[in-house]
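Same chain, two partners: chain A is paired with chain B first, then with chain C.
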Partner chain A sequence: MELDYDLAFFGEMFARTFSFWWVILPSIFLGLIVGAIPGFSAANTIIILLPLTLAMDPETGLMFMVGLYASSRMGAGIPAILVNIPGTAGAAATPLDGYPMTKQGRGQQALAMSFVASIAGGLLTTVIALVSLPWLSQIAFYLHSVEMIVIMFFGISLIATIAAKDTLKGLIAGFFGLMIGFIGTDVVYETPRGTFGFLELYDKVPLIPALVGLFAISEAFAIIENQSILTERGKAAMAKPGWAATFEGARIAASRWWHITWNSLIGLVIGVVPGAGAAIASFVAYQQSKTYSKTPELYGTGHIEGLIAPESANNGVTSGTLVPLLVIGIPGGATAAIMLVVLQFHGVTVGPDLFLTSPELAFGPFTAMAVTYTLMILTVLPLARYMSNITVVSTVYMAPIIISFTLVGSFVPRAYLFDMNLALVFGVIGYVARKTGYHVAAILIGVILGPLMETYFLRAMKMSQGDIMVLFSSNIGNTLWVLLVVSMALPYIMDHRRGKSEKIAANDPYG
Partner chain B sequence: MNYDNEFDPGLSRRDILKGSMAVAGAAAATSFPFSNAFAAGFPDRNLKVYVPTREGGGADRLLRSITGVWKNKLGVNFEPSFFPGAAGRVGYEKYMGLAKDDMYELLFGNMGPEVLNWVVKKPTFDLSTFQYFAQVDSDPGIIFVSRRSKFKTIDDLVAEGKKRTLNVGVSRLAHPATLGALALGKHTGAKFNPIPLSGGKNTRAGVATGEMDFGALPSGGIVNRAKSFKVLLMFSHKNPLPGRSENAPTMNDHFKTNMPSLIAGSRAFGIKKSAKAKHPDRFKKLDDTLKTVFTDPAFKKAYAKTKSPWEFVGYRSAAQAKEYADNIARIGAEFKELLSGKKS
Partner chain C sequence: MAENADAQRAKPKSIGSELIIPVAALFFTLYYFYTIIDAPWTAQVAAFIVGSILILLVVLILIKSVRSLGTGEGTLDFSNLVKPKAYVPKRLSLLALTIAYIFIVPSLGFTITTFLFLSLAMLILSDWRKKRFIISLSATLSLGGYLLFIVAFKTRFPAGPFETFMKGFL
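So, the complex of A and B:
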């Protein structure tokens, strides 16, 4: 695809997009709300609002959908940080460090960091996607099943990282999660496995009930044992409300600009691959961030980079999913697929021709995304101060609110009562896991990445007619394997070297 | 599996009379005229439609186009509920398990792959209690490649398939288009390895990105993406879209075979037979009004916006739907071992 556009054209596009502020602003607030409620997402909200978007002209409809999409991604991180409830699977890695920060009374600061990481990551990848569309769209031609298996391993290897403190328990939790992830019909012969006869499990264990059960409901059970989710230190910190924490959070996040850049690019690349998605990107980003960190031992305790990594990555995915949709007509994710339906309804055919026939529609989603992120700096960042006040609510009220909201949320995507019961079952599993020292995040990684991993693996095996060596049959795949081994071995090598140099320093008579 | 008994095209006049008598009483039923007047008051609330696939796909688009016009003829809205999973199995099982037999609840499925799925694995409900009552599209299966592919003709593809096994992206194994690809391989001696990619969208992605050597799907989703894909072969008696498929040959013409037409996209409305038996008047009203949708210019206009070929859309009766289902089931039985993984 050859594009011949100059800066003046893009300037005009941005100016034109800003004139849709009256559509984008409401979509931002709606997106924040639906993103923050588990069970709702940009995709199902756009479906619910189809009569509205179909009534708009295609360009206005696109602005609305893109605004909703980008802001819902950011909204999903808010409850993940404040009450340990990821709004969507894409935010499942966010509470690992976000929630411990909240417990320490740094909820406002954590939100500000998350917002800056999301906005900067989203904005950066949108601009990159805009200027490198022809090249970016090629990524999907090189990342096939074999390569995706290795990328999955990056995410799944996070189980081993989480298990570092208690290897056996961590691995058992991860394996348990993978087993749950394999429930449902297999992708080749549609044979039901482990469904216990429940029809509701044929289409895999639904993610939202698993997500809210393991994180939110188990958390509600746990916090009821205390009066507040905050530690004593946290309560003291929250007693001094002000804007300082917002500015400090924004400053700290901005100072990690390289971290944001690197992880949002991981998100962009994974987003371009059809079917991959934000959950993979955020786990891979978290794993990479920890691997190359100078302070990996702080991850999981409220580490700044542990929060920034998944948030910048999952916002990087957002612009990535639009690339294959607009360039080759293949949606990169569920929301992009729904956008395609709306465009088709208006008679718009996506693909390379769109850039020539209707550049305002082809480039519009990217400029709309950039404008959305820009407007969010002014509209969403100041909300961090007020949103964080939810953490001072007594657990007597908080626990039942969490349980009722999340149960409704688990019902919404499929409208099965079964899913509400399933969320409660996962809540009990999560509670028992917490009490016995098994990490719920390890279980969840297995539940989320297990089915994806299986899909790519079975596809690769079927294509090679059972030859396992297919996993080492591509140059890109082999390069990724090497990087995976390096990223898994590096922490141990660095630990070993650190221990050795500490030993030398201790024995040094002049030291 | 004997589909002759399981896909009853509809009730005979005698059956209808019996059902009506039960509803209206013996005195009134002796010479019952099934007019819309008898179904007066129906429907007085929205109709629910069970869809055994995800929202956003081809079935969703077609259903919305049809019900967007049909609702005006009935005076009530349609509420689609999507029950994806296990190649349509979840949607059918839910419908048969939950739907009341009051004619307010219908099913909208894709007969080809779903009937084939039953050939491979029987459903838990009794097939003789369900019937399709109106087929609304007939989209032939095709072989297609990416525009970037080195295969420019079906002969190129078959020649390569004789040298090495080619991976063919398919929506699922038990699908009429997959059967077409397998039949092509069987006839020509080319080796094809079908890779199920869970839906048309993923299959197009697999072919477009070059992971698959070629794909086999219904034609509708391919001919409207002519810039990205090229149709190489059609599994119908004649090419219904010569202009939009660069005059792609048919299997029977090109390879001198005598294969039945493999219609891969065959959406149809289904109903519990008990609902039809209890409320023949309501059934008639639904069926009659549905027929008129296809002659309504508003429908043609709405459908044209989807860019899908108009040539495939049209009302086909319960008897025609049954004939189609029987044919597909028979061909599926030939390849049952392969589709169920007992043979590779």
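So, the complex of A and C:
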């Protein structure tokens, strides 16, 4: 696809998009709220608000949806940092270092860091996506079923090694999650598998009850052991409120500009692959950040890079998912799929022709995203100071609030009472997992990837007529297998080398 | 201080509770295999590959656990799950209230059930202190939830007598 647009065109597009500030601003605040509440993803909210977006003209509707999408991604990190409950699965890696920071009384600083990383990462990747649309869209063409299966294994292995202190326990949690994700009828033969006879499970395990149970319910049952989620040092730090922590957080995040750039690019590339999503991107970013860090031992204890990496990556995904939607008409995620429905309702055909016939619609989502992130600098960053106050609320009040509001939130997507029971079952699994060192994030990512992995397996098997060696039949796939093995082995090798050099340094009489 | 640290280090691991997830995973995998036994091979492959890896991982952790038991580094108990014991009654009460919430919410609706749940749970967790504050807080939160989610967002929350009554006014 040849695109011939100059800077003046893009300048005009940005100016035009800024004139929609009256649509984008409310969508930012709505997105922050729905992103922060488990069960209210951007996709669900856009579905609920379809009568509104369908009544708007296509361009205004797109501005609204894109604003909501981008801000909800950032909103999902807020409860992940403050109360260890990610708003969506894409923020599942955020609490690994964000929540320990909150416990230390650095919640406000952590929020500011997360906002800067999200805004900078989102803004940067949007601009890159805009100028490299034709090339980025090619990525999806190179990844077929086999490559996607390896990517899924990659995701699970990374999470297993990152999220749990014991890799064996992490792998068990991840693969258990995958098996749970296989529950339901298969897409080709429609045979029910592992459903325990429940009709409600025929359509796979719904993600919201799994997220609510594993993170929110289990956390609520765990936090009642203490009066506050803050440590004694954290309480002392929170007793001195002010703007300084916000500025300091923003400054620290800005000083890690290279880290933000690199991780948001990882998010962008993963976002372009349909189905891969923010959850994988944030864990891949976390893993590579830890692997190449000079202080990997600090990850999981409230480390700055451990927070910045997943937040910049999952916001990089946001613009990435729009690339295949607009260029080849394949939505990169659920929200992008709903945008496609709205565009089709208005008679807009998505694809290469759109860039020639309606450039304002084709480039509009990217400029809207850039404007959304720009407006968020002014509107969202100052909120960090006030949002962090939630951490001083006693667990006596917090635990029942978390249970009641998230439990009923699990009912919302399908309106099945069964889903509330399911959330409780996942809550029990999550509680046992938390208490015994099996990280809940690994189980959740398994549940998310299970159905996708199975679909790709079925396709690969169908094409190869049941030959399992098809898994090693592609060059890209084989390269990914090698990378998978290397990524599993690299942390051990680097640990070993680090230990060796420390030993040498310790024995050096002149050192 | 140092003695305490030594005692902590010497304390055997609670292996029993650490095996709950692997054993549950093992039984679920075997049940899953049973449900796909008649499915075509192409539909079995994913589950067989992932399930077999999972079984292998479970076997590895079982071997590790038996070794720990043998060397005295671990014991076959479940104390990890109930620690600290002082909070067991509160945790069980919260669990009972959560189960009750799920069963009552279809008939009483979101607002009334949430008010009852929040009041009772907060009173139990606070040892029945600050009753007036807790009841006002619960009322504010449940009404706020009703206004935000049901009135403003038009969300499909379970409806009961309160929601039906208010529908007549809105």
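Here is the rule we go by: the second predicted complex is superposed on the first by the 495 of 511 C-alpha atoms of A that agree within 3 Å, B and C clash if a C-alpha of one lies under 4 Å from a C-alpha of the other, contacts with A are read in each partner's own complex, and residues count from 1 in each chain.
In the analysis below, a contact is a pair of C-beta atoms (placed from the backbone, for glycine too) under 8 Å apart; a residue touches a chain by one contact, two chains touch by 3 or more.
Please read all numbers here as calculations on a predicted model, not as lab measurements.
In the superposition on chain A, contact of A:V83 is made with neither chain B nor chain C.
Of the two partner chains placed around the shared chain by superposition, chain B is the only one that A:H144 touches, whereas chain C remains out of contact.
In the superposition on chain A, contact is made by A:V188 with both chain B and chain C. Within the superposed three-chain model, A:A415 lies in touch with chain B and with chain C [touch as defined at top]. Looking at the shared chain after the overlay, A:K462 reaches both chain B and chain C. Of the two partner chains, neither chain B nor chain C is touched by A:A117. Residue contacts after overlaying the shared chain place A:Y202 against chain B, while chain C stays out of touching range.
By the touch criterion stated above, A:A337 is placed in contact with chain B alone, chain C being left untouched.
Number of chain A residues touched is higher for C, counting chain B against chain C. Note: residues 188-189, 191-192, 415, 462 of chain A belong to the chain B contact set and to the chain C contact set alike, using the contact criterion stated above.
The part of chain C that touches chain A in the complex is made up of residues 14, 17-18, 20-22, 24-25, 28-29, 31-32, 35-36, 39-43, 45-47, 49-51, 53-54, 57-58, 60-61, 64, 80-81, 83-84, 87, 90-91, 94-95, 98-99, 101-102, 105-106, 110, 114, 117-118, 121-122, 125-126, 134, 137, 141, 145, 153-158. Contacts from chain B toward chain A in the complex involve residues 55-56, 60-61, 81, 84-87, 89-90, 93-94, 97, 117, 120-121, 165, 167, 172-174, 193, 195-198, 201-202, 204-205, 208-211, 224-225, 227-228, 304-307, 340-341, 344.
On the side of chain A, the complex with chain B involves touching residues 47, 140-141, 144-145, 184-185, 187-192, 199-200, 202-204, 274-275, 324, 328-331, 334, 337-338, 340-341, 344-347, 349, 351-353, 415, 455, 459, 462-463, 465.
Within the complex formed with chain C, the chain A residues making contact are 40, 45, 48, 168-169, 171-173, 175-176, 178-180, 182-183, 186, 188-189, 191-195, 217, 220-221, 224-225, 395-397, 399-401, 403-405, 407-408, 411-412, 415, 417, 420-421, 424, 427, 429, 431-433, 435-438, 453-454, 457-458, 461-462, 466, 468.
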